[in-house]
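Take a look at this one; I'll ask things after.
Going by the order they are written in, the chains are A, B and C; count residues from 1 in each one.
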Amino acid sequence: MEFTAKAISEFLGGEIVGDPEVKVNDFSKIEEGRKGTLSFLANPKYTKHLYTTSSSIILVNKNLHLDHKISATLIKVDDAYQAFASLLNLYVQSVPKNTGVDAKAFIDPSSVYGKNAFIGAFTFIGKNVKIGDNVSLYPQVYIGDNVTIGDNTVLYPGVKVYRDCLIGSGCTIHAGTIIGSDGFGFAPQEDHNYKKIPQIGNVIIKDDVEIGANVTIDRATIGSTIIGQGAKLDNLIQIAHNVEIGDNTVIVAQAGVAGSTKIGRNCIIAAQAGIVGHLKIADKVIVGAQSGVTNNIEKEGEIVLGAPAYNAREKKREFVVSKQLPSIYRRFNELEKEVEMLKKKK
Amino acid sequence: MEFTAKAISEFLGGEIVGDPEVKVNDFSKIEEGRKGTLSFLANPKYTKHLYTTSSSIILVNKNLHLDHKISATLIKVDDAYQAFASLLNLYVQSVPKNTGVDAKAFIDPSSVYGKNAFIGAFTFIGKNVKIGDNVSLYPQVYIGDNVTIGDNTVLYPGVKVYRDCLIGSGCTIHAGTIIGSDGFGFAPQEDHNYKKIPQIGNVIIKDDVEIGANVTIDRATIGSTIIGQGAKLDNLIQIAHNVEIGDNTVIVAQAGVAGSTKIGRNCIIAAQAGIVGHLKIADKVIVGAQSGVTNNIEKEGEIVLGAPAYNAREKKREFVVSKQLPSIYRRFNELEKEVEMLKKKK
Amino acid sequence: MEFTAKAISEFLGGEIVGDPEVKVNDFSKIEEGRKGTLSFLANPKYTKHLYTTSSSIILVNKNLHLDHKISATLIKVDDAYQAFASLLNLYVQSVPKNTGVDAKAFIDPSSVYGKNAFIGAFTFIGKNVKIGDNVSLYPQVYIGDNVTIGDNTVLYPGVKVYRDCLIGSGCTIHAGTIIGSDGFGFAPQEDHNYKKIPQIGNVIIKDDVEIGANVTIDRATIGSTIIGQGAKLDNLIQIAHNVEIGDNTVIVAQAGVAGSTKIGRNCIIAAQAGIVGHLKIADKVIVGAQSGVTNNIEKEGEIVLGAPAYNAREKKREFVVSKQLPSIYRRFNELEKEVEMLKKKK
């Protein structure tokens, strides 16, 4: 399908700069633009490509100021990234959906699913499972006994959900992710063996949560491990037993949260960060990449960095000085000698 | 089922403080206590909840000293955490077990399994596999040729065990874990390509090992990668080829051990730590979270921290000073000026 | 099968020191050598075992100088590690290959595969998939619609490939790895919710790539996430959307690369390192273990270390000084007092 700049601009409520009749039939990145495609510019790092790209149409922010002439047609919108996302959404909705229950799936007769279900081949559904409307379970998914899954939720291939867990509506969970494995609880014995603490709780994933691939979310010892509404988790993340993640909190790839820690709403936990157990993290906190949080963070909106993590601005000052340590140390040794000389001269 | 404080106390060999006739039918965390439930108190951080919880019965350590009156009935025991675990174990044993071999599993005719086996749908068992008594293979498990699995071992959904690996008795392996994938061995060639070093060894997992979800344990180049008896591994851990983990060693989530490293018994490797290859780590060593171990640790019981890791007490002293570096550096610059002045005055 | 030192030496073009008639029928590590086995010595750390091993034959580098007499027969070759690898390859080729399409696999009728295919039980192949000759898809693999897989590629159990991805020839992908899950793209809304940015691109894996177990490689937002020819990825690695990895680049376990970063050819990214998004890393760059790369690296062959990462030689000098910080700080405080005294004496 082809669309003119004019049609797209009208759909987005934008303003055209250039030829309104130019047509596109695909998307491209601005730095790899091709004729007949539409690109967007949001990250200022990429502005230079505006003048060299071959893209036919570029979505830009309203306030963009042009330094030179350009060949592409611009569509100015309030937020180029979001406008681009709207167009991608239109495209995605045009892709035909999988439907139907495959004869090669196993569904226990005690379990139920709603209308428009897609249940793929080799997917296993245990006893007393309740699955809402418009749910997609791709092939090779495992759903343990007593699990509940809300409407419009998608589980990609190979997701495993252990017994008793609850997954909300509008959730997306990517391939290979494990929900509800046992928390890591062992009591040391006098003979140096460990005795397993049974993990009889569950995992509750609230509505509109997206979870990436190969994530692990352990069930609670007792009670629930909770992922708050609208939270977004990237790939290869570890969430330990009895953790609670607040609504709309974002956790980036390979980060880990240890047992019983409670993270507030609207936080951002950057990639490869670690948070130790039994802590409380306030709302809107940002934890920098690879940081190690070892204490409660009580101040809303606090930004921390480093391992052990503390205020990011101070930590950055420390980085600046510590990088100079070898030369400072040489100066220090010199100074010691000078003071020694001064003392002798007395 | 309901139990009185009296009955529970007798089972645990404890001592009641309060009403022996109060009844419970569920467990709860002390900080989320509800009437009719039993909680425990072991971590002193949670002591304050003792006075406000609605739990009907609380297991506490013998030596607990009460500051105020409380409404719950206490059961005093030697070790509240272990006593609580015993009760959870009773509960778990009451959950009905899966049994039987599903018609939708594939089992090569050359393979054998013992009595009371549970082999779930879509599980694949290759050639010459030997599986002991009371083994549970959940759905979608893969067992390669020549694998041996001991009695009472549980493999959760989607575990993959490559050919020739040995898994002991009483082991638990959580969903998505990969046992026996190729070690990462490539020989650089003059043309900058890499030539694969075939990995013809295996993985040996001794008895009573528990392994979390989405862990990867690579097979040895030659010989065996070995996980010692009673070792406990959390989620998303990487164990490289020819690594040996000692008995009863604990490794926490997202840690990694590089090739051919040998870790002693009763060690604790905390979360997100990394240990480089070809090292030897003594018994009872503790490696702090996010640490990077780059040298042998020869001293039994040594505690190390940091990246590169060294003695934890010294490392913590370094942390204290390095946090002050910006202010120390200001003082240092000041001092340099003063010395300069003193020199001029001569 | 048994081979004499003479036969092996002739195959490798080596030179025998010792008894040419001694026979071996298995491989062993030099430190665990047994009679009747062949070992190799490449890492100088293991040289001491040369004098104590019970291995019958040892492959060594031509330039090896013996300190004492030894009992084993040596075969001197140009590169002992590569020669050993050649022998392992011979062994691996003698292991019988899986072949045939299992009746318990699901293959959409619109999809095609070449000759000598192995397609295991419970493997799912979607619509319009094109699979080359001699391809092995182990059990429980998922291949989404429109995927293409080149000749001689092996996908181990449970690998999941999302729709539209391209996998080259001669690739090996280990169990549990996810190719083509959605990139982590969400646009923050004014109400603190996040709106998903559809990820409509794909993943392209070029020829001769090896990828370890439980790796995650996200599809591009638009365009492609690209893994260059001959690249080698270890286990549990995160590759975000729109990343490009250059040819023959090696990434070690648990490392992560954030969105849109482009890594050059022949680089080595060591274990647990992280590279932030939208960066460019030159060819032949080495990033040390656990490092955090936060800036472009423009110099070919640069070696960086630390978090934030910079020149490894300088970083090591910083490590040396920062380890002494507590004692330096004591000296500094002393010096301050002395200068104060000197000032007073004036």
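Here, a contact is a pair of C-beta atoms (placed from the backbone, for glycine too) under 8 Å apart; a residue touches a chain by one contact, two chains touch by 3 or more.
The structure displayed is predicted, hence computed values, not measured ones.
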| item | value |
| --- | --- |
| Same or different contact residues where chain B meets its copy chain A, judged by the half mark | different |
| Angular offset of chain B relative to chain C [C-alpha, multiple of 5 degrees] | 120 |
| Distance from the mean Cα position of chain B to that of chain A, given in whole angstrom | 25 |
| Junction residues of chain C, two or more chains touched | 122, 140, 158, 176, 214, 236, 254, 272, 290, 322, 325, 328, 332, 335, 339, 342 |
| Touching residues (chain side chain B, partner chain A) in the complex | 27-29, 32, 43, 45, 79, 81-82, 84-85, 88-89, 91-92, 102, 104, 120-122, 138-140, 156-158, 172, 174-176, 208, 210, 212-214, 230, 232, 234-236, 247-248, 250, 252-254, 265-266, 271-272, 289-290, 319, 322-323, 325-326, 328-329, 332, 335-336, 339, 342-343, 346 |
| Chain B residues touching chain C - in the complex, by the definition given at the top | 106, 122, 124, 140, 142, 144, 158, 160, 162, 176, 178, 181-182, 184, 186-187, 192-198, 200, 214, 216, 218, 221-223, 236, 238, 240, 242, 254, 256, 258, 272, 274, 276, 278, 290, 292, 307-308, 310, 314, 317-318, 320-322, 324-325, 328, 331-332, 335, 338-339, 342, 345 |
